[in-house]
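The letters A, B, C and D name the chains in turn, as written, and every chain counts its residues from 1.
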Amino acid sequence: MAHHDVSYLAPKETFLKTVMSWVYTIDHKKIGLMYLVAVLLMFFLGGVAAMLVRAQLWEPTRTVFVSEDGSVYMNPAEAPEGERDSLKTETRGIFFQPITTYVSRPAVNLLSGSTVGAVITASQDGSPSVSLPESDGQTSNPLNIALTDDGSPIFTETTDQRGNKVWELRRENPDSDEPGPVLASITVDGRGNPSAEAGSGLSTRKTTIREPGSTITTNNIYNRMFSLHGTIMVFLFIIPSIPAALGNIFLPIMIGAKDVAFPRLNLMSWYIYVFGGIFALYSVIAGGVETGWTFYTPYSTTTDWGSVTSMLLAAFILGFSSIFTGMNFIVTVHKLRVPGMGWFDMPLFIWALYATAIIQVLATPVLGITLMMLVFERMFGIGIFDPALGGDPVLFQHFFWFYSHPAVYIMILPAFGVISEMLAVHCRKRIFGYRAIAFSSIAIAAISFLVWAHHMFTAASPVANVIFSALTFLVAIPTAIKVFNWIATMYKGSIAWTTPMLYSAFFLFCFTIGGLTGPPLATLSTDIHLHDTYFVVAHFHYVMMGGTVLAFIGALHHWWPKFTGKMYNEFWGQIAGWTVFVGFNVTFFIQFFMGTQGMPRRYATYSPEFELMHKISTFGSWLLAIGFLIHLVVFAHSVFAGRKAPRNPWGGLSLEWETESPPLEHNFAREPVLTHGPYDYDTVVPPHYDPALYPLPERSDNAPSHH
Amino acid sequence: MTSAPKDKELKPWEAYIPQHHWRNATDEAEGAKLGMWLFLSTEVLLFAGFFCAYAFFRLLYPENWHDASRYYLDWEIGAANTAVLLLSSFTIVLAIRAAQQGNRGMMLIHLGITQLCAAFFLIVKLGWEYWPKIRDGKLPGIFFDYPAVYAQRAAEKAMIVAPDAIIPAAQVAGDYASTFTPGAHDHIFLSIYWISTATHGFHVLVGMFVIGWAMWKAYKWHYGPRHYTSLENVGLYWHIVDIIWIFLFPLLYLV
Amino acid sequence: MIDLINTSSSIINTASGALADSWWTRMWFRHSGSTFAPSTDALYYYIFFISAFFFVLLMGLLVYFGIKYRRRPGVAAPLSPAHNTKLEIAWSVIPAILFAVMFFWGARSYLKMVVSPSDSEVIQVSVWRWQWEWVYPNGATPIQNEKVNDREMPFFALPVDTNVKFVMSSQDVIHSFYIPEFRIKRDCFPNRYTTVWVRPTQVTHRWDEDLEKAVPIDPRNPGYYLFCAEYCGDQHSQMANRVAVLTRTDYQKWLEAQADTSSIPLIELGLLVSRNNGCFACHSVDGSRGSAPTWQNIWNQPRPGSRDGKVDFNYVRESILEPGVFVVPGWPNNMMSYQGRITDREILAIATYIQSLNPEFAAQAQEFSRQEMEAQESEDADPIDPLEPEMN
Amino acid sequence: MTNPHDSIEPREILASEEHGHEHVHVTPFWTMFWVFAILLFLTALTVWTANIHYIPVGNSVIEIGATLHILIAMTIATVKAVLVAAYFMHLKYDKPVNTIVVVSTIFGVILFLGLTLTDTISRGIHDRREQGEIHAGGDMTLYSNPGRLERMRAAAQGGVEGSVVQQSVASGEAVVQPPPADNENQSADH
């Protein structure tokens, strides 16, 4: 009868109404889907930045010798005999050439001894113009430049020895036909960069209009790229990825609710995310940030480059989006579970999201106030973080990491949740140690607040370092427990090697490496050596990318049939999965060795001895990109040509597999009745699943499924 | 089920039905309240940033901090504002009580008093605290006008003709201001004073808007014995603004 | 407990000492250059082998289960327990114990790095974007340069088997003092001092009397790197210097040579001093555009608004000591003052060097440099008045 | 948005037992009044204790230091906050879950302050500052970019008459004006 009995994806009567039904929607599934599209877009953007970062590191920036015909030699001796004298040196990296001029309007200010002056400017193609000062409504000519009839100054166009175009502005010489002395000249070099010089011997001075950021070096582009990668990936991709996108879609369904507790707040969270994203993108367009995503003071308070303030505001705004999602999830889990679902009847994904939400609510406000204080510092110089004014940069680091360390658990905990789900479903096995996994999520959430200063072992005081080192090891224990439980879950399972299962295994592989490289960073003396090196980069990526991103992609495949209603291509999904896995490991495993060898991170160039390792890493990044592109094609194919998904393609037992694919507008036709736990694979044939395909183990009483 | 015609005489609070995804109104009210408490906890942690910065610098420069607090800020104004905020908290509690009893008149009166208190707080803050400080250059960070403050202090000292015997007595009475000399970190003290009180003041302002909204809803009969969730949440918000001030007041003005 | 750690760490120290310079240690770490390196490396290997054991165990199980229990049509998953208390306690407690050992061991060797011995030789380290400066106890800053990745950078030497304490401070943003071979790292902050100390154990360089500089003993090992490990902006990656370890006697000779710049002609010294003070990070000498005006051809150029109105000795001196007094219009005022970190003769040298960069005045500069050198060599000569040579 | 209860008559809901605040605790007036009175009293007490620096005992005095003051003031403030939360904010009468939220928030604040201060206290910056190793804040000559400070100061004081800094900007001299009290801490050799 009512239209909430149709799929949430079903279009409305008219196109406009369909669009509006998405714009004004308070349906958690639509909001989650919009989040999903947005975070995938951000993943793409951040990924492009990452590819450029790796490309720059293909080889170190070096001085090379360029002959006139353009051949490049590492050493002048390599050049043919005749060319050696005419070699020019150039600094070059493989990808980013140094750009010496950013603003295309060099100008020469011709001061003629008095306060009146004239400004000579050149556009990008070098065509010159002079603006002369006005006096008494008439154009005066204090410089005695030859003028045409309409008052515009005359430039003589010549070519210099190198073949560059030169425009010269000369002083008028009324006594003879000889040209007067050169007042100023504009030269356009081979690359089209204009530069201006004032003539010598005159009372002139050279000014070049140098807006902030007028010189971009190779390094500078690189610095923006890795900062862009960090800020986008952390604030716009990975934090909202699983909770706000997949969590939003599935949390209410999995606990049998019609919606989240505060649907309008949920919509607001989405629009705040968009608003914050606009600030971030504006910052990128307006020059980008080059502070890294950590915004350490006093670098971030003093740099004039780019648009740091805009990026800070973006992160501040995005924080609210995250807080609102977290609040919503906590209340939803507390108040909207289907009757009969106790805390220990919840799927582990819900436990993970609940633990995540606790961190989101408790940690994010501190980031908010930190960034606000940093904005005040930049705008008003309040002097709390700026050492020049008596402030303390380490205090900023404490403020920042009080959020940002728990934030890495905001990123990884939901991934733990989806892995628990995927392993149980695809191994057709009751999860091993349900309570241990559930409690370890909460324990990780609590301990995550205790360990932040391990990011500051080279900065903080020794006493604090010892305390934080000890506390850091605490967090390793619940994490280890989870991994052991997952492996134990596979024991005596019936393991279907679908793409989600494949990704679960990839996750276990990569996350175990990521986790096991944590202890050298938590141990004080080894961390002193490894701190701020590529070892940290590799560790972080093994946890965040090998952990969260692989779990996210796996979860996308796992739930894709449910929320889109279409199946994806299993074969190509697995091909893409293997490409991503191999590419990922090629890219990042070598970085552990770079780190122990002492290669510091955030380096735009490096000593030649690291070249081979960097080349391997960059090569891996291409494989990785190819893998993700195949995934993109697989998903696109599924959306447009995928076959219709059954209600329960994997034989899952949690509540989302009971409803239609895609789910109805209010999730269920009527409120579901809980007849079994989410992991009772030993005793229950899953709903909507062919019992013939689902043999139950011998000993059980072969109880029929509840349908 | 029968579909009887709707009773036009039902007031909005009587006719209230929960949103579609809630099982019943009790769950909805409790859920909303829990959500509000979570929001309040984010507020507390937001202000924790100021408290942490305060503690950090106070431990670094204890004397400077103490003297600056006594010299730059008037505890009388702070105390008056504290009392006013406490009163407003009390009246908003009474407003909720009135809602529970279905007494719209008392509800509006008490919310009105709360509004007046909030306005009083802001006017005192702007007129008696912020404005003189802006005038005298007692501003945060690099805006802090050391020369002007020194000149002013010198003029004040010139006016104090104090026989030696009186100064210890003044100290016993706690009159530190008479011996005060501006310190090197006054600008940071004032930075923290400005950003924390301004953020708090902003919350008071937001509070006035939401209380105004609650008054409008009360006027329209949206609150009654069975439904006053949003009024309760407005009250919770207002109390947290009060509690934050309870901590800010002694830290900034007294010790 | 501590005894146990001591014993085990000494065993592993011995073992890793035996492993030194094997392909295995070379794969992970650079040379072990200080007393901290063996214990840090040994601890790393301890963690590594534990990790490797668990990784192989877990991944072995993953692959084994994945193959053995793969889904077969019509075959049910056999029953298995959903939890096992003993197993779960075991895999919680055993890692906890292993972690505890890591923590105690790591904290013990870390605390040794923190407290410097009282007999340490103190080197003042000053750092700014993008340059390290070491001031040795005799007041010298190195004049020896070595090429590191295309750039001439100051060369720093340390005495072997001597405790050296670095007292560090930054002039602008946060930097981090990192010498991988020593396994030490410490952040440098503006407005604050931090310290780190080290005891080098391997001699890498020797003093060469003829070349009057330290040269590598083994040409394949040109010395250690000093890196900046905290991101500090544009040329963060190019803040790499060579650090060498000399024997005590060689070190003394090297140090004396660094303190004595009187035998270097002004123009040459100007180039050296400019390099060592990182001037070339911003100022170019070939006319190309950096983040500050080039030095090429600026000598005698007009500078309206400055005290002298043009670039001369006074102008250069003022620009070095009080860069904010006159800023060339259009350029940012971001140079720091070199007051107190540079001698009068060095200022004169820089000015002469700049003079020599203008072809018109190059001969003049050469002549002045030669005269000054003669004056230096004749003992009774009056010190040259830097304002004297200002001739027009 | 569609409401699934559209077809249900409101009275029917009212007739059911699911009422919003059916069994709610009505705020007792006199309890609240006395809480309010105690709060006012505690405010007065804070002010009073903060202004006592010496307690005369016979011929001598007992000094109350800054630390003790802050402890007293914070204890009173905590008592006040607990009263407001328990009575005004109804925590005493509500479900315990709200109290759990509050407790974990306070836990978070304590961790934040406590662990941050573990570092900042133990680095001994204060002692070293007194030995002259560390320059007090506001010593702006150390800063590499005095021009920036100048610009910001000039911008900040744009309209203020007679400002020293403004004059120095006008004359083109980048004179940094450090706080006079800090002069003895400055050293030129950095």
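Criterion: contacts are C-beta pairs under 8 Å (C-beta built on N, C-alpha and C of every residue); 3 or more make two chains touch, one makes a residue touch a chain.
None of these values were measured; they are calculated from a predicted model.
Most remote from subunit D, judged by the distance between CA-atom centroids, is C. Central chain (C-alpha centroid nearest the global protein C-alpha centroid): A. For the pairs A-B and A-D, the count of C-beta pairs in contact is higher at A-B. The distance from the centre of subunit C to the centre of subunit D, with each centre set as the mean of the Cα atoms, comes to 41 Å.
With centres set at the average Cα position, the gap from subunit A to subunit D is 34 Å.
For the pair subunit A and subunit C, the distance between C-alpha centroids works out to 31 Å.
Counting only residues that touch two or more partner chains, subunit B has 19-20, 23, 30, 34, 38, 41, 45, 48, 52, 56, 142-143, 184-185, 187-188.
Shown for subunit C are the residues in touch with two or more other chains, namely 172, 190-192, 332. Among the residues of subunit D, those in touch with two or more other chains are 1-2, 4, 97, 104-105, 108, 112, 116, 120, 125, 136-139, 142-143, 145, 148-149, 152, 156. By the touch criterion stated above, subunit B contacts subunit A in their complex at residues 19-23, 27, 30-32, 34-35, 38-39, 41-43, 45-50, 52-53, 56-57, 140-143, 184-185, 187-188, 191-192, 194-195. Residue ranges of subunit C in contact with subunit A, taken from their complex: 27-30, 36, 39-40, 43-44, 47-48, 51, 54-55, 58-59, 61-62, 65-66, 69-83, 87-88, 91-92, 95-96, 99-100, 102-103, 105-107, 109-111, 113-114, 148-150, 172-174, 176, 178, 180-181, 183-187, 189-192, 225, 227-238, 240, 288-291, 301-304, 328-332.
Within the complex, the subunit A residues that touch subunit B are 252, 257-263, 265, 323, 326-328, 330-331, 334-336, 361-366, 368-370, 373, 376-377, 380-384, 389-392, 395, 398-399, 666. Touching subunit D in their complex are the following residues of subunit A: 2-4, 26, 302, 334, 358, 362-363, 366, 380-381, 383, 387-392, 394-395, 398-399, 402, 449-450, 452-453, 456, 460-464, 467-468, 665-666. Contact residues of subunit A toward subunit C in the complex are 60, 62-63, 100-101, 109, 111, 195, 200, 203-210, 215, 217, 219-220, 223, 290, 292, 296, 298-299, 302-304, 387-388, 390, 393-394, 427-436, 458-459, 462, 465-466, 469-470, 473, 476-477, 480-481, 483-485, 487-488, 490-497, 505, 508-509, 512-513, 516-517, 519-520, 522-529, 531-533, 593, 596-598, 600-608, 679, 681-682, 693, 695-700.
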